[in-house]
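Okay, got some structures for you below.
Both complexes below contain chain A, partnered by chain B and then by chain C.
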Partner chain A sequence: MTNKNISVIKRILEIDKRLIWIIILILLSVPLVHPWGLPIKVDQYVKDYYNAIENLPPGSLVVCRIDIEAGNLGEQNDQAVTTLQHLIDKNIPFIEVCFDRADSAITFEKVFSQVNKKGKIYGVDWVNVGYMEGKESALAAFAKDFTYPGKDQYGNVLNDLPLLKKYKSMNDVKLIIGSGDSTIRQWAVPYNVKMNSFVLGIFFGDAVNYYNAGITVGILSGLPGAAQYQFLRGTPGLAVAAMDALSASQIFLIGLLIITNAAYIYDQNNRRRKQ
Partner chain B sequence: MISTDIGIWIGALLTLFVYSYFVRSKQNIFFRFAQNTIVGCALGYTISIVMIKNIDYLGISKIIGGQVLYIIPILLGLLVYARFVPGYTYLTRTPIAFIVTVGIVLGARGAMDAQLFTVMLSSVNWLVFGTNVVTSLNNLILIIGLISGITYFFFTMKGKGIPGYNQFWLMGRYFLMVYFGTRYGMTILSRLSLLIGRLQYLLFNWLGLR
Partner chain C sequence: MSNILRRELPMTLAAAIVLILFTDYYFKNDILRTTANTLVNWAVVASATAAGVGVLNVLIRTTRNIQKRESYWYLDIWMLIMMVVVAVGGVIGAYGTSILYTWVMQNIYLAIDATIFSMVVFDITAAFYRTFRVRSIDAAILVISAFFVMIYNVPLMGGLFPDSIAIGSWVVNIASVGPTRALTAVTAIGLIGFAIRILLMKDKSIFGGVD
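This part shows the complex of A and B:
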């Protein structure tokens, strides 16, 4: 092995991390400002997610557990906006409630402000119960009686809202949109309600288990899921544009992974040979 | 055009403060300022919301409305603070026992059916033959991966003397490595998505490049 080879390998193995971050930053920023329009393939999971909402008869009640913590809004904003817009467009009434974190109630407000409400009225077409403390026991209590939390996110008495006079418990629900094992344990399985998984990309593997088992009917996972959903609905948004950026950075990282691993193996073999 | 909204400026500056960590790969005054601000705001908001929702909506409002039995969970909740009263710390055990027991029992409900039996049975799809080649191959990989993966965690009895046991054990290890690799890849994908979210905020909302 020549000294030149050793020098290149050494440089690859000791590459400055900041250089990688700068390249990623450029690869993410450029396609966001000037999208390239790379093709998007829609997965069966997303098609099923879409169909589960699309095939709901008008007037069917949906319970959404759109529990997005503020830090995850970048990934899940478009998932939530497109889902809620789909419900509004289809005249499907829904109840939103969150259990994971208190800031989910604020992020829901931010997400819902991006939805065209088409004259829908609060309390009649949708209700935002807000955050409920108590995790598993709160989920169980809410499923039994939607008015159990007493008041909604804005301080209205739940018993006074027309939607909750009509629909009382999880028995009246046709579809659940949410994530987490607890939603499946406390809502989907005990009440035998269809469920669409609404998850972060990192939890896709867990969601697939439930999908394969037939417990959930569709999966919307992270930014790629949101992009596919927007593509399927014919309403391309920020998620579709972001997919170019995501693809570019992924290709770069995969290339880097291969090059650095090859350099590492080459270096190790070289050391063994010297010994 | 660059935003004139003070809220967006605060959000943009806090984002840049957090990312300042990458300049030297260590914490600095800007990073710590942003970190403490976020933690403080989140904690303050959570406490206030929980206080309002639990004490007012679920407690006081219900008791005033005639549901007197709600006094029991309030008293149990207050007993949690008995740990700060010397000589009465044992009183804390009762509400903790309630919380733990209710949590376990409710968690068990549905878990057996949803998380154990249904998922397990669907994972082990024994239909290897009589279906198309791809599905058969997938099922075969699934079955081998499942059994060899479980074998890897078999600590009580080593398969000494069983021919091919060590190879099977090693295969389980490789399956687990593939799984962890996939999870790690998904984590990177997820983190990049979050970064895209922040970049959209900085480029579009703050700098107005759209």
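This part shows the complex of A and C:
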């Protein structure tokens, strides 16, 4: 092996991490500014998620647990916006409630501000209960009686809202949209309600578990899920543009994985030979 | 007497609560349902009270840090100020609707949280580059699986070459689901066992292991 070869191998194995950061930054940002329009494959999970909402009869109640932490907005904003817009377009009334973190109520406001309400009336077509303390116990209490928290996010008495005069508990719900094991344990299974799961990409493995078992009917996983959903609905947004960025950065990382491992194996074999 | 108050009474109460909630989950009975609902509501109130205790704990700890001039004590002062501002803003009017609260959350908290989360991408890529190397048989299995899962995750590959994602799809949808499912089932069975132990007054861990 020549000294030139050794030098190249050494360089590959000791790339300055700042160089990788710069490349990733470029690959993530350029496609967002100038989308390339690369093709997207729509997964069956997403088709099922879309169909679960699309096939709801008018007037069916949906309960949304859009519990998005501020840091996850980048990945889940488009999932939530597209889902809420789909419900509004289909004239499906819904109740939003969150349990994980107090800031979920704020992120929901941010998400919902991007949705075209099309003249829907608060209290009649949708209700935002806001954040409920108590985690899983609160989920159970809310399922039994929607007016249990007393007041909604804006200080209205829940008992006075027309939507909650008509729909009282989880027994009246046709579809749950949310994530987490606790939603399945306290809502979907005990009340035998269909559930659409929208999750961060890293929780896809957990979500598939329940999908295969027939407990959840559809899954939106991370930004690709949002992009595929937007694609299905014919309303491409930021998530679709972000797919180009994701493709570019992932292909770079796959290339890096192959090159560094080839260099590593070559280097190890060379050392063994010398010994 | 002390033993009854410290041990027998709490354990009997815990066992009774477990029995009611356990039975309510599997059987339909109005009296049982009402009692279970009340207990669940109490749990929600108790949980909210625990959050208040948490705030008190933070107050005591940070005040002690400031008094002792521990490292970064000035940041503790800043944290206390912000805690008061957010708490006051949060309780003005309906929860989370005051201008003060929404301004702090939308313009400070959301921005900082999103920024910190986004910066993780750089650390993850650097860690990926340094650690994903075939140093052993185990590492080789991990790297090969990662390779196929990454191909599966590239939106372009699914769109242009659907066959290329077959192995990654198998890893994600079949290989990884089995162990996850087993773990979920075992955890559920373990929880039922835990509830039965409380019901039989055999488990003292919920009282901090008091004998």
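In this text, the second predicted complex is superposed on the first by the 275 of 275 C-alpha atoms of A that agree within 3 Å, B and C clash if a C-alpha of one lies under 4 Å from a C-alpha of the other, contacts with A are read in each partner's own complex, and residues count from 1 in each chain.
Quick note on the criterion: a residue touches a chain if its C-beta (ideal position, glycine included) is under 8 Å from a C-beta of that chain, and two chains touch if they have at least 3 such contacts.
This one's a predicted model, so the numbers in the text were calculated from it and none came from an experiment.
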Original post:
Touch check for A:F204: first (chain B), second (chain C), both, or neither?
Top reply: both
Original post:
Regarding the shared-chain residue A:V217, is it in contact with chain B (first), chain C (second), both, or neither?
Top reply: neither
Original post:
Is A:A188 in contact with chain B, with chain C, with both, or with neither (first, second, both, neither)?
Top reply: first
**OP:** May I ask you to decide whether A:L163 touches chain B, chain C, both, or neither, giving the answer as first, second, both or neither?
**Re:** neither
Subject >> Touched partner set for A:L253, first chain B, second chain C, both or neither >> reply: both
Original post:
Is A:L32 touching the first partner chain B, the second partner chain C, both, or neither of them?
Top reply: first
Original post:
So, A:K41: does it touch chain B (first), chain C (second), both, or neither?
Top reply: second
**OP:** Using the superposition on chain A described above, determine whether A:N261 touches chain B (first), chain C (second), both, or neither.
**Re:** second
Original post:
When the two structures are overlaid on chain A, which partner does A:Y131 contact: first (chain B), second (chain C), both, or neither?
Top reply: both
Original post:
Of all the chain A residues, which ones make contact with chain B and with chain C?
Top reply: 17, 21, 24, 28, 70-74, 102-103, 105-106, 130-133, 135, 137, 140, 151, 181, 190, 201, 204-205, 209, 212-213, 224, 246, 250, 253
Subject >> chain A residues touching chain B - in the complex, by the definition given at the top >> reply: 17-18, 21, 24-25, 28-29, 32-33, 70-75, 77, 101-103, 105-106, 130-133, 135-137, 140, 149-151, 181-182, 184-186, 188-190, 200-202, 204-205, 209-210, 212-215, 222-224, 238, 242, 245-246, 249-250, 253
**OP:** Under the touch definition given earlier, write down the residues of chain C that touch chain A in their complex.
**Re:** 25, 33, 37, 40-41, 43-45, 47-48, 51, 90, 93-97, 102, 105-106, 109-110, 113-114, 116-118, 121-122, 125-126, 128-130, 132-134, 143, 146-147, 150-151, 153-160, 162, 165, 172-173, 176-177, 180-181, 184
Original post:
Where on chain B does chain A make contact in their complex?
Top reply: 22-23, 25, 42, 45-46, 49-50, 53-54, 57-58, 61-62, 102-103, 106-107, 109-111, 113-115, 118-119, 121-123, 179, 182-183, 186-190, 192-201, 203-204, 209-210
Subject >> Residues of chain A that touch chain C when the two form their complex >> reply: 15, 17, 20-21, 24, 28, 38-41, 43, 69-74, 102-103, 105-107, 109-110, 130-135, 137-138, 140-141, 144-145, 148, 151, 153-155, 181, 190, 201, 204-206, 208-209, 212-213, 224, 227, 243, 246-247, 250-251, 253-254, 256-258, 260-261, 264-265
